[in-house]
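Heads up, the next two complexes both have chain A, just with different partners, chain B and then chain C.
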Partner chain A sequence: MNDSLILICRCEDVTLEEIKEAFNKGFKDIESLRRHLNIGTGPCQGKTCIPLLEKTLAQLSGKNEIETISTRPPESPVPFGVFIKRGKKE
Partner chain B sequence: MKSFDVVIIGGGITGLSTAYYLNKMGVKNVLIIEKNYLGSGSTGRCGTGIRQQFTTKEHIVLMRESVKLWKEWENSLEHPIHFKQGGYIWLLRNNEELKQYKNYVKMQNLLGVPTQIISKEEIKEIVPEINTDDIVGASWCSTDGNAYPFEVIDALKFFVESKGTTIKTFEEVKNITLKNGLIQSVITDNDIYYTSFLVNGAGTGAKKTAKIIEIELPLENYRHQIVVSEPLEDFLNPMVVKGELYFTQTHRGRVIGGTDMNESPTDSISTSIDFLEKFATEVVKTIPQLSSIKIMRQWAGSYVVTPDHHPIIGPSEISNFILGCGYSGHGFMLGPIVGKLLASYIIDGKMFLPEADNLTIKRFKEGKLIQEKAVIG
Partner chain C sequence: MREINIHPILQFSHGKELKFTFDGKTMKAYEGETVAMALYRSGIDIFSESPKLHRPRGMFCAIGKCSSCMMRVNGIPNVRTCILPVREEMVVEKHEGFGKLPDYIEKFAEPFEINKEVAIIGSGPAGLSAAITFKEFGIKALIIEENPQLGGQLIKQTHKFFGSEKEKAGTRGFEIARDLIKNIENSSIDYITNSTAFAIDENKIGVFRNNQYMKIYTKYLLIATGAAEKMIPFPGNDIPGVFGAGAAQTLMNVFGIKPGRSVLMIGAGNVGLIVSYQLLQAGIEVKAVVEAMPTIGGYFVHAAKLRRFGVPILTSTTIKEVRGNLRVEKAITISIDKKFKEIPGTEIEWNVDTVCLSTGLIPSVNLLAQAGCKLKYVTSLGGFVPVRNKDFQTTNKNIFVAGDVTGIEEASTAILEGHIAALAILEKMGLKTKKLKIESIKNLNNLRGSPFSKKIIEGLKEVECE
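Then we have the complex of A and B:
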């Protein structure tokens, strides 16, 4: 299958081809690759794409172990309204 | 072992901007050493804002010049940096603030920054969603704006690498050697590099880096948190500031912002639910419609703060050890002008703005501190 048709990150619409291109441009670690392509920065927070990215990066770099990304709260998107402190002074 | 004209410690905006101007001015044999990935420190964690609304001549003039350079970068760098002049709208909560900001506006105008005080009705024309019930007006500068940190990092990386700059990431400086009172070499966990000049653009690590050669920098790291929402249609052009709160919308549609938790110095960059509560409360009071908008992600970074909230730039007591640190929360916006000033100092032996000479490390010894009052987030 053509790499440009293989979608790795569904939220940010990033394909396998784009990951390979970025890797060849010098984005060889997971954090800078992720920031360059915005992989895993959409609403799912990387739950589906980051494992695929790790696997792809392992294949491209020939390494067995790839460091994973720093995970950030919240676990899934939560409205601002939920966090409002009601009846308290600012 | 290799020799360079200039070695820069730190692959954030300071290091990349300095390399950019060195390359432009003809110095090509430059090395940047970054202990993590590019932009992994305060640059990549910042709130994207670029403003000229400050309260001292030094900050106003440097930022006025920096905005000119941001425009040049937007127009000339091949990779888009998404610099946008959407303005900063600084909401004023009472007559006391209004009076104070009228004075700041006068000073900014005298120095060529087109800030003005606007009414509640004019605020509504710029951002109709803003709740004006608890404010009396705003300080508005239409030429302030923002840019996207990681696109800026990429754009500068591509430029400087094409001009011959070497970038080493995941490499850490372990030692610095002196010879006859001057820097001679930098030793990392990987190699040794000889150099004519060494730039300390190490951000949160700048204090530790200077300590290697027994230079004490009056810097403290403070944690500041940021939150980003799910993507929305474009509705918010300017950066909105209200008390300790700031927020804007990025080119990717996300609302991004922060607020000050007034914490003690720490190297921690963990996140807290207290911050989310304070931010959510303040932001929803300012734009009630945001209540139903979802928070997607929160993170923290550091302000590297000096006793007078102004950066330390230029020469140190070791004449080939150049400082670019302690921006106190304004390092990203100051990046272009600081890079140009440091490159000029390295090449010509002087910084081209008299205001920059007031910002060297000397001021702490001589007791010539300059207090900045407008520090947010």
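Then we have the complex of A and C:
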């Protein structure tokens, strides 16, 4: 199978091939992979890719345990402007 | 262009015509329609170019959960166009990579705060049922919904529900939703749509609405955020025309738009079977349904309906690859053995422009994770789900859950769970709801009485605490 055409993270364009390469280099857990490949750090905040990555990692490591990421706000994209109070501008 | 003109169950009435621009071209939309739907109706498949590999991207989930439909709207990048209603003279542009920042500073309204005794995030069957229960006891809850319409995914279910009469068996899903919504609209229950809850911090919810930041302080919170479509890995899984099966339903059954001309369905669980039949009803060709397991996962009646239309259901078969430049042009499936190993030489090529994935749903637990509620991975419930007690109270004492976010099940169970969670919150407020609550918990257990629910019951044992 052509792993370079299998998209795991759509936001950050991370393929299965890249994940396998990174895993073999020693990035064996979700948090390190996230820092190394930016997987799960795009606009959707890992809603599509992290579950896929969890399974992929379980397969690669042969471990049954599924680990996940910590999530922080915002859960969905929000324009930064909404946090600015009108009075402070201009 | 992709209009559904005749439908055996649904009648589509369009709102007034609006005009907006897409990359400088004038486009047509109907009032009430979202940007992504209007574009797709006009034959636009590609909404963005991916950031590093420069691949074309289109819609995938169509309910605001993935990021595939993001575009630049009125200068603001990363806007989820599948849930954003079109406004007259809106300026929509295709995204390149992560998008460009606005050329000018958009005026945002000043943030404001409100207090509410109870807030409900999500207006699917669980959320609506809870709101109605609160109303019956004289408590006004606030419903927060990120889609333009109330009703969650129930508004697109055209099939009749199973179960007992009490749980609305024999009624079509969208009719159940219509009744629930009518009940909400005719009473004084507060609800806000097009409003995204994006943060939870203790008793505070951050909501984005109308270019404004709303802080909602609440004593009790019910999270009924439902679930998202599961993606699976195969070459070409990001090509426009690869949809979640639910997205196909949204297109057809909510907006009257054909998702494609010919479809290959991946997964023969109930969702795969039901959506395949609904595609046929919308006048779309379904080439086949493929299922990796050796047996069909869904109910026999649904499979039988498809067979009557001559749609083959191929078990022990998986998707090998999807090909296409700007849109799906071809799908290749392959037989697999008992160990899920591909059997060389068994490939089949399908000339389809659409591939639908009905390979499962994942509970949308992100807000619960933010709130510090304990989660646990349970395969039979769809992934990480909140640990909770029989009252649907999470490990965060003031946060309750109901519906698919607690584990993937049916709309009928979601309605009951919303009811029970609301009764439990009312009980904490000091109202006498205990008897009714216990009775409702009993009803919920009865609803799970069939052998189909065996795995669910096993899974629940792992997450239910005292």
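Methods note: the second predicted complex is superposed on the first by the 84 of 90 C-alpha atoms of A that agree within 3 Å, B and C clash if a C-alpha of one lies under 4 Å from a C-alpha of the other, contacts with A are read in each partner's own complex, and residues count from 1 in each chain.
What we mean here is this: a contact is a pair of C-beta atoms (placed from the backbone, for glycine too) under 8 Å apart; a residue touches a chain by one contact, two chains touch by 3 or more.
Only a predicted model underlies this, so the values are computations on that prediction, with no experimental measurement involved.
J.: Which chain, chain B or chain C, is in touch with more residues of chain A?
T.: C
J.: Looking at the overlay, what does A:T41 touch: chain B (first), chain C (second), both, or neither?
T.: first
J.: Figure out whether A:I84 sits in contact with chain B (first) or chain C (second), or with both, or with neither.
T.: Once the two structures are laid over each other on A, A:I84 reaches both partners.
J.: Looking at the overlay, what does A:S32 touch: chain B (first), chain C (second), both, or neither?
T.: first
J.: Which holds for A:E75: it touches chain B only (first), chain C only (second), both, or neither?
T.: Second partner only.
J.: Output the chain A positions appearing in both contact lists, the one against chain B and the one against chain C.
T.: Chain A residues touching both partners: 42-43, 45, 72-74, 77-79, 81-85.
J.: Under the stated contact criterion, what part of chain A meets chain C in this complex?
T.: 1-2, 5-8, 10-13, 15-16, 42-45, 47-49, 51-52, 56, 66, 68, 70-79, 81-87, 89
J.: Under the definition above, what is the set of chain B residues touching chain A in their complex?
T.: 36-40, 44, 150, 154, 161, 169-170, 229-231, 252, 271, 273, 276-285, 290-299
J.: Give every residue of chain C touching chain A within the complex, in rising order.
T.: Contacts found on chain C: 50-53, 55, 57, 60-61, 64-68, 70, 76, 78-80, 98, 105-106, 108-111, 146, 196-201, 206, 208, 211-213, 228, 230-238, 320-321, 362, 364, 366-367, 369-370, 375, 377, 383-384.
J.: Sort out for me which residues of chain A touch chain B in the complex.
T.: 26, 29, 31-32, 35-36, 38, 41-43, 45, 72-74, 77-85, 90
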